[in-house]
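In the two assemblies presented below, subunit A is common to both, partnered first by subunit B and then by subunit C.
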Partner chain A sequence: MNGAMEFLLWTKGPMFQIALGIFAVGMLARLFEILLLGRATNHAEARAGEWLPGLRTVFTRTIPDPGTFRRAPFDVLVGWIWHLGFIIVLLLSVPHVELVAGVFGVSWPTLPNPVIDLLTAITLAGLVAALLHRLLHPVKRRISIPQDYLVWALTFAVVLTGYLAYHRLVDPYPLALGMHILSAELLLICLPFTKLTHIFTTVFARWYNGAAFGRKGVRS
Partner chain B sequence: MSELSLERGLAALRAEIDAPVAAFFSSCVRCGLCAQSCPFYLETGDPRYTPILKLEPLRRVWEAEFTLWGRIKRWLGLGQEVSDAMLAEWEPLVYDSCSLCGRCSMVCPVGNDLVYMIRKTREGMVQSGHAPEGLVAASVRAIRTGSPMGLQWKTLAVQIQHVERSTGLTVPVDRAGAEYLVMLSSMEIINFPEYLEAITRIFDHAGVRWTLSTQCFEATNAGIQIGSKDIAAELVERVVVAASALGVSRVISPECGHAFTAIRWEGPNLIGRPYPFRVFHIIEVLDELRRDGRLHTEGKEADRLSMHDPCNLARKSGVIGEQRALMDLVAEHFVDLDEHGRFQWCCGAGGGVSSNERAEPLKLAAFKRKKAQIEAVEPERMVTMCATCRTQLEEGLEEFNMDIPVVGLTEMIAEHLVERPAAEPEPGTESGQPA
Partner chain C sequence: MAATQTLAEQLRAQGVSRRGFLKFCAATASLMALPPSLIPRIAEALEAARRPSVIWLSFQECTGCTESLTRSHAPTLEGLIFEAISLDYHHTLQAASGEAAEAARLQAMRDNAGAYLVVVDGSIPGPEANPGYSTVAGHSNHAILMETVEHAAAVIAVGTCAAFGGLPRAAPNPTGARAVMELVDDKPIVNISGCPPIPMAITGVLAHYLTFGRLPELDAYRRPLAFFGESIHDRCYRRPFYDQGLFAESFDDEGARQGWCLYRLGCKGPTTYNACATQRWNGATSWPIEAGHPCLGCSEPAFWDAGGFYQAVSVPPRVNAEALLGAGAAGAALGAGTALAARRFTRHEQQQREPVTVEALEKRL
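The block that comes next holds the complex of A and B.
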């Protein structure tokens, strides 16, 4: 019990600082790495502006065109389900909001625990489906690299340990909570160095796409 | 071209990496949805043709040299190098199985502009000596003779004579002070001479002051297809010089998709300065004439017509409504294909695929997507506005024994012009076939 408590305190103390530090510095460096490359001046006469079409695509690309949805409904639905589940549980569960309130002093409404519980289970199921799809679909299998499985495992671990801790399925509780916090910290540490960067860079990617097409008068 | 080498190839790839490329590769989660937008993957089922995989050489250079983590991996000896063997293996992926149609760029959930990056990757392929023979030959011919097919002015001069004889009109050549310089494509001159006849009739009808230039008549750009900025810039510069010499304010891109991308969008960046004139696709010009009430037509086509949007014109240039407005002018039963406009499917021949003999089987495979689209709508004829698309549609439909003629929109408009009393009434528009 004592060891478990010490472990929990370590994850909440020094390890948290380390993870946050690596994440913040790493991610900032990545964004600078990208944006400092810049773009060449475009001399071609534009048909329309860049800013608005870029911003538009940042939002619209979230929903696939009907044809793509018809051709790959499983990809779209599974992707949507687990991403949404993950984000809702992250932002609207009681312990997470309390954590933010404790650190930053701001809080917002939460969802009832049974709802969070259901969403967590759905997210786990979605992640399993995504993994199976990656292992079985010829395209996904061909383009996957080891990092894809590592990132999957980290993400799954965060959700799974949260579920285990909430249901007191691991004894003692401080160990369960410590594991959840540690896996979240590992995710943060890996974020700037893996495809997890898409959490931040997708906004830029979509903007560049929307801007380039928008300039030519095409909604992308 | 001087010595091509892996080093030069890598340097070219390095030079192509900019903020968008870095943002795109940073965002890819390898979901593989881009494959679902690619006719080459969908019609072969071969996962090697997944668009993002085609970009692996560029991605490796980016990771190893433009990310901190990649540099560390390289320093530890864990980096993935781009070798000559790898580029050789990727050559068919970057060229044979990609028509630069850009559909993947519209579908990627994180917003990666994949076609932007394929275009860039080709720069590295050329510099490392891994471009397909057919495209190299076309590029060399374009630089030497001005035409990727080696066509010379005298061939065009013969076509001009035919046109003048059958229309009774004069085809203006080297007329300084004209408003428009009309550019052509070799394929049009050889396969579809009716195009020149059509614009001659239409421009006479609408009172447009136009001209051809003996200095430069070819608008296609093999440099854009193969992916060589030097070649592409040289070919664009010829158009600029010819247009400037005649003092035109507008240049018209022919019914050729990549030619429009070349002179409309890439050209000013290739030569590093804005043009002293504006560039329009012939379809834009015709629609402008229509809007201004300068096109007087009579009668409409009575059969069921559908339309193929060239990728370069629709998805990559935003010309989507114009051709439909023109269709309405002359067609009674026009029906669009299910996925059209910015989400149209490529005919399978663009981006240099049709100049690359090795890609022939893939070109035909990719066409099957278009074929299925056409079958779903059951048109009696197809209408399009790109000589390469048109040739591919004709050949593909014939291959599958589908009796659906393909016509150019510009010619269709010309056939419905209200005859002016002064104009030569001879209806025999069938003349002017290539000798």
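The block that comes next holds the complex of A and C.
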């Protein structure tokens, strides 16, 4: 039998294991590699500490400085909006919290479905706007590589299929939910090997930046 | 004798009024999503219908499906319609036994070749399984099924075991249990799944067959759309709570007392197609979700292996935590290995490095 239900059970069963496995191997390999490699030794004499400026930069870079905002208000605003929507929906919706509770046994409060649904709609709109901007802005368009579009599509697919499933816009429903889970798995599989790695590496990158500047006694 | 009586005569003999009969026809029409204009046609066709010969085969089953049908608040009209078919073989219900029972089956097959219906409940150990796992009168279930369906007009798989394999097929499926539709591929098949199936769905399909001489419209799993066209979730009276995000989180919390949605308690209503929410059970007294229990998804394929009954639809059936930890450790080792190799290479290169002074360079150039 090869119907919608079998497809859903395949995405919830074997495919889920495979995706988690590839993600675990890939992500830990990359993180260990990056962290153990460290930075090139700096032979210059340190003028100040590294840790504090590093940590400070992790936070300060998260909030764009006025210059960046003035130069690229669209990227900052839209980027912030859909990133926040995405992360809140992922972490605070009932099915996802149940998933974590079912697999890892830890659980936390959730947001009501209508709130999650509104955030989903905002996230979808934000992602579409980000893509349009990338396509219409002459500079962004020139510096974009195919992978940028792949990463966008992977991200968009998960949110879109989640929305379709919640509103039961695909019939039969197991097909809709299976597509949602499969797209989340594709995102997970590609995460360690594409620019999506930034989900985990942005924080280190910012620390390295701040630390390097701090060592030189420069504010970043 | 009985086989020559029309359904109308049969019903009259059992004291069913014409009014009651028409009510049944109207109910059938609305259930099967047929326009009301067809009610007279249904009544006419049913009244004139000869009792079709039905051979009921029970294989790896628990008799729950037969119970569901025969205990369905007799004497309902559905029950009478069911009695009005010529049930020529049903080894749980028939009086004959042993050789006589088998002879009755073979007789019915001969007399009604090409016209009889085969109803199956229970799963069947497939052709590759040990035939001894389930036998009737010394014959394997598989042999009896293949022999009986050969000259059948259609096959009705009643219950999730016959439709999809059901409980006997749950991992690791020790008896090699299979569904009817996996073994029979040259006959019209209807699946009336459910554990047990809703009695009205069985009689509705029979009434449709008697009226139109063909099977009703089916979904991708060959289930009659009239009963399986909508999900439990789409017709659930608790749905407004789901839409507002109001959930019971245990069986005795405030949410449970308020009758909120059972999603977090493991309700499989969102993925389950069946008519419980509209037909309800026990003469429309109540149904599982109304009684405060999540839907188990009993009318769906592989429902027994589809995840914990008390875990939400989003939770995968099982995650192999050790394999995952192993994968993580392997990844960490791989990453560490590459990094250390790179560092060793750098150190090696540094050791090979020959510092040059300006004087040395001048001398060389």
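Basically, the second predicted complex is superposed on the first by the 216 of 220 C-alpha atoms of A that agree within 3 Å, B and C clash if a C-alpha of one lies under 4 Å from a C-alpha of the other, contacts with A are read in each partner's own complex, and residues count from 1 in each chain.
As a working rule, a residue touches a chain if its C-beta (ideal position, glycine included) is under 8 Å from a C-beta of that chain, and two chains touch if they have at least 3 such contacts.
The shown structure was predicted, so the numbers you read here are calculated from the model rather than taken from an experiment.
Room for both subunit B and subunit C is found when the two structures are superposed via subunit A, with no clash between them.
By the touch criterion defined above, A:N113 lies against subunit C but remains apart from subunit B after alignment on the C-alpha atoms of chain A.
Of note, the Cα-centre angle with subunit A at its vertex and subunit B and subunit C at its ends comes out at 170 degrees, rounded to the nearest 10. When the two complexes are overlaid on their common chain A, residue A:L136 makes contact with neither subunit B nor subunit C. In the superposed pair of complexes, A:R71 makes contact with subunit B only, with no contact to subunit C. In the superposition on chain A, contact of A:L37 is made with both subunit B and subunit C.
Residue contacts after overlaying the shared chain place A:V103 against subunit C, while subunit B stays out of touching range.
When the two complexes are overlaid on their common chain A, residue A:A24 makes contact with subunit C while staying clear of subunit B.
When the two complexes are superposed, the chain touching more residues of subunit A, out of subunit B and subunit C, is B. In the superposition on chain A, A:T202 makes contact with subunit B only, not with subunit C. In this overlay, which is a superposition and not a single complex, subunit B and subunit C have their closest Cα atoms 6 Å apart. Overlap of the subunit B and subunit C interfaces on subunit A: residues 29-30, 33-37.
Subunit A meets subunit B in the complex at residues 29-30, 33-45, 47, 57-58, 61-62, 64-65, 67-68, 71-72, 75-76, 79, 137-145, 148, 192-193, 195, 197-198, 201-202, 204-210, 212-213, 216-220.
Taken in their complex, subunit A has these residues touching subunit C: 1, 3-6, 8-9, 12-13, 16-17, 20-22, 24-37, 94-96, 98-99, 101-103, 110-116, 168, 172-174, 177. Per the touch definition, subunit B reaches subunit A in the complex via residues 17-24, 26-33, 35-37, 41-42, 45, 47-48, 50, 52-53, 66-69, 105-113, 116, 264-269, 272-275, 278-279, 315-319, 338-339, 342-343.
Taken in their complex, subunit C has these residues touching subunit A: 164, 179, 181-182, 219-221, 231, 233-234, 242-247, 263-264, 270-271, 273, 300-302, 305-308, 311-320, 323-324, 327-332, 334-336, 338-340, 342-343.
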